[in-house]
Amino acid sequence: MPFVKIHITREGTEPGLDAATAEQKAALIHGVSKLLLDVLGKPMEATFVVIDEVETANWGWGGLPVDEFRAKQNAPHSE
Amino acid sequence: MPFVKIHITREGTEPGLDAATAEQKAALIHGVSKLLLDVLGKPMEATFVVIDEVETANWGWGGLPVDEFRAKQNAPHSE
Amino acid sequence: MPFVKIHITREGTEPGLDAATAEQKAALIHGVSKLLLDVLGKPMEATFVVIDEVETANWGWGGLPVDEFRAKQNAPHSE
Amino acid sequence: MPFVKIHITREGTEPGLDAATAEQKAALIHGVSKLLLDVLGKPMEATFVVIDEVETANWGWGGLPVDEFRAKQNAPHSE
Amino acid sequence: MPFVKIHITREGTEPGLDAATAEQKAALIHGVSKLLLDVLGKPMEATFVVIDEVETANWGWGGLPVDEFRAKQNAPHSE
Amino acid sequence: MPFVKIHITREGTEPGLDAATAEQKAALIHGVSKLLLDVLGKPMEATFVVIDEVETANWGWGGLPVDEFRAKQNAPHSE
């Protein structure tokens, strides 16, 4: 009966991908459901998982849209 | 002042539809708002409803993306 | 398979009550689940409902904690 | 370490815009993160903000999809 | 940067417990964070997890508060 | 009409406090509502804010309950 909502940015893990793949999403769904079975004994049939993919422009970190935050983190002499 | 968030899969209720229709969404919005008025006396003007339509690839059930879970449920001799 | 989260303030509907009663919560749960069955054909066994009761000090409306907002709304000559 | 989720309708603030602009989103992200720093001393690097843009057909107010609710509010002799 | 919210009922996994233990919560937190690292390469330092424990009276399943739903499921000759 | 949900840990900002104070919560509510007015022109009366205070045992960061994560971050020679 658990409900798990996973918020991630919509982006790929390697060049050429612009979002998590169907295989990656399936792995997240299986992994979370299995975890709730192992830790709390929840039957997998009783767990719902929702993956909420958020555009990077809509995700803030460090007071900035995440792409800007990352660029700043990686900049030489950044503080 | 209630806030209700309804998560559903983005899919139609009959062939030819690929999502809930505007009429169905309006019925959900009205029904939930009316329920809060009837049960708790909340004025309808004070209730917000958000419908979050989730792609089926992003919804997990039984440790699988929901389309796979349903196919397995319906398969003969499935376990 | 829908998941519905209902946010309400933790307060009673009449003197002597400081929260929604078990009967009121059951009515919300039944009403929402029935609505999803009627409008979208979702089996009631496939719908989860969570009621999130929020302390009034933690709920803001009109830029104020809700108790202050209501007091201001009801004040004579309020603006 | 705070996590803030801002739900807004997907619509523009002036003619010709159909959604919040990148600048407006950045201003929301910065403003919320700065607020948590000022009020609770949370380092900006430890705050995540997600902006959830909701189609107007999926947002209910007053028991109606929000566009219909607004039209009714603005109508002469509306009740 | 992922944010994961896990909704579970507040109840124990064995007699004498009335909620998930600190060890079980830690196992959920570690397991979800590790999963996001393994599947999407997200550094564990960049993942937040929130466990939302919901009173059973506030969780609905099958149109009933979950305790009633389970009692009905387990009843002989239930329909 | 925006709805903003702020998740923070339930802890005080100085010795002797074990949670955000009523004044701090009011400042968060006012600040967020004012921000939505300034950036998107949303009337303050149309914004709801909910503050969700999460026990530190229920908040994970870096794969650990947040108190353990912080202790590890502050430890000398930690890795």
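Which chain is which? They are A, B, C, D, E and F, in the order written, and residues in each are numbered from 1.
As a convention for this text, a residue touches a chain if its C-beta (ideal position, glycine included) is under 8 Å from a C-beta of that chain, and two chains touch if they have at least 3 such contacts.
The structure presented is a predicted model; accordingly, all values stated were derived computationally and were not measured.
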Shared interface partners, meaning chains that touch chain C and chain F: B, E
Path length in the contact graph (chain C to chain E, fewest steps): 1
Chain pair equivalent in interface to C-F, over half of contacts matched, among C-E, D-E or A-E: C-E
Taking each chain's C-alpha mean as its centre, the one farthest from chain B: F
Copies chain A and chain E - rotation angle from C-alpha fit, nearest 5 degrees: 180
Chain whose average C-alpha position is farthest from chain D's own: E
Inter-centroid spacing, chain C versus chain A (mean Cα positions, whole Å): 29
Between chain B and chain C, centroid-to-centroid distance (C-alpha), Å: 18
Intercentroid distance (Cα basis), chain F paired with chain E, Å: 22
For chain F, residues that touch 2 or more chains besides their own: 1, 3, 7, 28, 32, 48, 50, 59, 61
Topology of the chain contact graph, where touching chains are joined (line, ring, star, complete, other): other
Interchain pairs in contact, sorted by label: A-B, A-C, A-D, A-E, B-C, B-D, B-F, C-E, C-F, D-E, D-F, E-F
List of chain A residues in touch with chain C within their complex: 1, 3, 48, 50
Interfacial residue positions of chain B with respect to chain A in the complex: 7, 54, 57-65, 68
Contacting residues of chain D [partner chain F, same complex]: 1-9, 13, 20, 24, 27-28, 31-32, 35-36, 38-42, 59, 61, 66
Parts of chain B lying in touch with chain D, wherever the complex brings them together: 22, 25-26, 28-30, 32-34, 44-45, 47-53
